[in-house]
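Got a structure for you, written out below as structure tokens; questions coming shortly.
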Amino acid sequence: MGFLADYISTVYNSVKSLLIGMKRTGYYFTHHKEIITEEYPDNRATLKMADRFKGEVIMPHTETNEHRCTGCTACELACPNGTIKIITKFDITPEGKKKKAIDTFIYHLELCTLCNLCVDACPTGAIQMGQGFEHSVRNRADLTKVLNKPGSKVLEGVE
Amino acid sequence: MCNVAYGAYAIAKNFQIWDLNIGVLYVSAVSSFAVIGILMAGWSSNNKYSLLGAMRSGAQIVSYELSAGLSILTIVILTGSLKVSDIIQSQETGWWLFKGHIPALIAFVIYVIAITAETNRAPFDMAEAESELTAGFHTEYSGMRFAFFFLSEYINIFIACGIGATLFLGGWMPFHIGHWEAFNHIMDFIPSSVWFLGKVFFLIFVIMWFRWTFPRLRIDQLLNLEWKYLLPISLFNLLLMTVVAIMGWYF
Amino acid sequence: MDVNAKDPKSTFPGQVHSSPGGGIVVSKLDEVINWARSNSLWPLVFGTSCCAIEMMSAASAKYDFSRFGFEVTRATPRQADVIIISGTIVNKMAPVLKRLYDQMPEPKYVIAMGACATSGGPFFYNTYSVVKGADHVIPVDIYVAGCPPRPEALLHALISLQERVKEGL
Amino acid sequence: MKPLKTGNFQPMGAISLLLLICVGVAFAGGGILVSNLISRKSTNAQKGEPYECGVPTVGQSWIQFNVGYYLFALLFLIFDVELVFLYPWAVVVKELGMPALIEILVFMFILFLGFLYAHKKGALKWM
Amino acid sequence: MLKDILTTIAPTGTIDETGEILSLTIDAKDWREVAVQLRYHEGCKFDYLFCVTAVDWKTHFTMVYHFDATEGRQRLVVKAKINDRTNPEIETVCDIWRTAELHEREAYDLMGIKFLNHPDLRRLFLTDEWVGYPLRKDYDDPINMIKL
Amino acid sequence: MFEEVGRTETGDLIINIGPQHPATHGVLHLVITLNGETVKKIEPHLGYIHRSIEKMCESLTYRQYIYVTSRMDYLSSHINNHACALVVEKGLQIEVPQRAQYIRVILDELNRIASHLLWWGAIAMDVGAITPFFHAFRERELITDIMEETCGARLTMNFMVPGGTMMDIHPDFVKKTKAFLNFFKSKLPEYHELVTGNVIFKGRLEDVGVLSKEDAISYGTSGPVARASGVSCDVRKLYPYDVYSQINFEEAIETKGDCYARYKVRMKELEESIRIIEQLIDNIPEGEFQAKTKAVLKLPKGEYMTRVETARGDLGVYITSEGGTTPYRIKFRSPGFSNLSALDHMVRGSKIGDMVAIMGTLDLVIPDIDR
């Protein structure tokens, strides 16, 4: 009879464990409050990333089209995989001195790993981590960006 | 495309197009065609996953055919007819699930398990076994042919649940409770097709519920379950039902 | 590599677009088909590294990309419409990717997810085994930057892919 | 004892069933036809190959397969024949009463012995 | 003491205590005997081979084996020096520590060190057609490698 | 007749699992010899995601190379970064501030929970259940939110730098972590209801893929795989780093060595991780989060080896330095690589379904193996 008792208890315990599992999934089927789905494209207006979210590298410009980048290439050196290329030029200041400034600040978003090392390395705080994350394009070349706006200058007093 | 012919056959039953006097036998015969479709599909696609899936499902479906058949038999014993209309008529006073006592309940549970396995649904989806055999027997099929596999699977579920609803839950018979005339009356207002579809959908829901909840069995466990548990239990249950039927212990 | 299939001029059998008159019905049908296609893009389970986890996040409860009809991730390329290359492609993997892409039925789309798939990303310089961008192997429709991109970024890519499909490309 | 029901052939039923088969075939065939018409096609050498996770197949797929699967098919055959025998019995068991039960007990006992034999021989063990 | 045992096991080796872990430098020719002793000698029983590294020193190779003893909780680094740079060879230890099989295949693949009597010495990470051993210092691949 | 058929004598089927296969969790390629459903031999083929990280690191500075390692075992990227930071600190003898140590350990443990959660969803997915995957990701999203708020990224954080952490924790960090812990503790019983006690799940995992203690040591396994076989190998206990020496926690050890034991070990580790965080979260000391370091780090000539306990096991970072700004040779001893070597031994003779379960409980992350 021991065999039979074993047999029945196996069946009983198995069925019980299965029912417990079904109860749990059934609970979630009937409790819609637990649903946490974030409706992305519809909530775009209200969607806010975390403060420190690293979406892309940006270079903030003031209203007078000035940035803080002096072209010291600290970020370029700090970058582990050559995401940033800075092409410098020499501006002639009103006093007649030559001054190094950036010509183009090329940023390869397609290479960037958003590791924050360039922002850490920047002595003037010229670049920051931006919040944008919608970087899907049809052409890969669109991901290579120039961060300084055309005609922008270095902010006065940033060395 | 074997599954096409099978799909067509199987549709034939549940809408009472032809009230065969061996209806139940006919349906169970036709629905076992599924295995041929799957076996052929898997074997002919020259793919190892498909081959494995087909072989598995061959062993699986034929095995579970038995307990499904045996649980159908218990109801046949009670009604004494294979004709679908007779079976439904016999449940006018109450569904067999409730009238038939414990044996009917056991038969019902076994039937639900067996049809889950027969239709290759999780936790018995050995033929597909996505994490093992990528997509099993229909790995090599794409587009419309793949769609027909899916369609046939769901038609198959519908058929199997339809039989279940007919046999155990009284087909289109509304739900009646003893002598609550008022209650019974309200129930009668609901159209019979709604009753039938509602019951079928309930069974389909249960099968889907299984799918959410349970992990997949391994092939040897699957066959163990059938041959060591379901088959002996359903054989025993059949005898029990015979006794119940002969003694008239049902309502 | 059948790049021509993506040529807008040969999208549809019979070249109904060019026939004068009577083309309206068929081109409407074309639109309907494209709309249907765009709303049932089944991705292939193809994840090589980190981005695969974000792809899983996008599939799971919080982001749930099945809202857009990317419902069923298929394990076999025969049943998949879009391949999301989530992760680095190395030289050894490239033929495999190519084969998978070839085995997918038309129309097929490719999303290069993350920096590695777009350009080699962190492994662009000084590595001997990384393919510098999946588009060296198969034609890519949509590129997503980020390492790894957020699930929302992937959703954004999927939506832009839908638009692309609706355009009949 | 009631006489057994004899088959009353319903021509309408048979015809409608035939019709249904036609509808089924047309549905499937039409589906494939339409999908063939509107689908884009491409062929390449690798498309024709069997899919095996993206690497070339090693060896043949159609091999002599392990006997494990067939044993179950054989066992199924035994029990399915039994099932077929049971159907006519099940229809009349209520009328026949106790003798039928005893008869079927004997029948099942023999069957069960066979089942036990198969079990002891290890046919039910997966290999 | 471990140090005494090591001197008996490997009389020709040199023991260095300056690092974090005790390290023993031997010649590659002696490695097999030393390995057997390290594994089965009563005093050490280094049964856990933690890491196998090959280092290219431009003139020679060193195989670095990190050991742990799960019972005595001792640690040891063994460095086996392979002087022949053109055809580096060392005895395998994958029958003593079975984890070594994959580790040695890796070293063969990336450094080109041949393990004698290894049961299955093939490329592990790279394709079979690959030419050269990429982790060597003189490896150059102008096609695949873009220098920063 | 047999000669005619030509393949009768074995009846073996050679089947490729991977590189693109849902069960391999990435791009592992296994060549399996099958007889019927029984696995006769498994041969892993690696390298489908071999990204030459070791070669790359030879040209990266000690600040830069850390970020590559978060792509290695991306599920425990914090812990990888931690190991890399530790080895540099060891070489330069930098004293890491207490606050940084606390933050690091908390983040490590959060990362471990996230990793185990993903594993839990994946193992359930492997054996065929779907719902656990969604449950696991629901909790995991909360952790990634915390991570994102503090580190700025969800998966590959690059938050550790030699000498501490890159930034201070976000002001909401403590609050959110506590809220997560409470939520998670309330959900853990559900996990056990849904999966642990389930008879099918038990049937799939029990007595499957048994690895004896001797084999576990000989195959060099570590982490939960070794602990399930009764090997005490938790680096946090054996060679404690940062504040682990001050924390009171237990090493989860089972003795049976089968898949279910590995499952239980990981479930226990989840609870232990909660305990560790609870001990630390209220006592994060004030102070600096980063030690003062030079702008250019130069590791003195020598050899350095650090071991940390990742979610998968024992990660070793071995650096040979020639005194320059970049490592001369760097080797990552990844836990998955050694764990994988035991796969053939464990799977042989069991079914193909078991293979999936065993691979699931080994918790392989292929980029970690291939590097």
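For reference, chains read A, B, C, D, E and F in written order, and residue numbers begin at 1 within each chain.
In this section, a contact is a pair of C-beta atoms (placed from the backbone, for glycine too) under 8 Å apart; a residue touches a chain by one contact, two chains touch by 3 or more.
Note that the structure is predicted; figures quoted are calculated from it, not measured.
Enquirer: When every step has to jump to a touching chain, what is the lowest number of steps that links chain A to chain E?
Expert: Minimal hop count between chain A and chain E: 2.
Enquirer: Give me the chains shared as neighbours by chain B and chain E.
Expert: Both chain B and chain E are touched by C, F, going by the contact rule given at the top.
Enquirer: Give me the chains shared as neighbours by chain A and chain F.
Expert: In this structure, the chains that contact chain F and also chain A are B, C.
Enquirer: Indicate, using Cα centroids, the chain positioned nearest the centre of all protein chains shown.
Expert: Chain closest to the assembly's C-alpha mean: F.
Enquirer: If you average the Cα atoms per chain, which one ends up farthest from chain D?
Expert: Checked the centroid distances; the maximum from chain D is E.
Enquirer: Decide which interface, A-B or C-F, involves more C-beta pairs in contact, and give its chain pair.
Expert: Of C-F and A-B, it is C-F that has more C-beta pairs in contact.
Enquirer: Would you kindly tell me how far, in whole Å, the mean C-alpha position of chain C lies from that of chain A?
Expert: Between these chains, centre-to-centre, one finds 22 Å.
Enquirer: Please report how many Å separate the Cα centroid of chain B from that of chain F, as a whole number.
Expert: Computed from C-alpha means, the inter-chain centre distance equals 44 Å.
Enquirer: Any idea how many Å lie between the Cα centroids of chain A and chain D?
Expert: One centre to the other, that is 56 Å.
Enquirer: Report the inter-chain centroid distance for chain D and chain F in whole angstrom, where each centroid is the mean of the CA atoms.
Expert: A distance of 46 Å separates the two centres.
Enquirer: Which positions in chain E touch two or more other chains at once?
Expert: Residues 125-127, 134, 147-148.
Enquirer: Please set out, as single numbers or ranges, the residues of chain C touching at least two other chains.
Expert: Within chain C, the residues that touch at least two other chains are 61-62, 75-76, 78, 92, 96, 100, 105, 122-130, 147, 150.
Enquirer: By residue number and range, which residues of chain B touch two or more other chains?
Expert: 48-49, 51, 56, 130, 134, 139-140, 143, 212-214, 219-220
Enquirer: Which chains are in touch, pair by pair?
Expert: Result of the pairwise touch check is A-B, A-C, A-F, B-C, B-D, B-F, C-D, C-E, C-F, D-F, E-F.
Enquirer: Touching residues of chain C toward chain D in the complex: what are they?
Expert: Spelled out, the residues of chain C in touch with chain D are 2, 5, 11-13, 33, 76-78, 96-100, 102-103, 105-107.
Enquirer: If you look only at chain A, which of its residues touch chain B in the complex?
Expert: My answer: residues 11, 18, 21-22, 24-26, 29.
Enquirer: Considering only the defined contacts, which chain D positions touch chain C in the complex?
Expert: Against chain C, chain D makes touches at 37-42, 44-47, 49, 51, 53-55.
Enquirer: Which residues, counting only chain F, touch chain B once they are in their complex?
Expert: 13, 15, 21-23, 34, 37, 124-131, 194-195, 198, 200-201, 203-204, 351-356
Enquirer: Which residues of chain F touch chain A in the complex?
Expert: 60, 63-65, 67-68, 131, 138, 141, 145, 148-153, 156, 158, 166-167, 170, 190, 193-195, 197-200, 202
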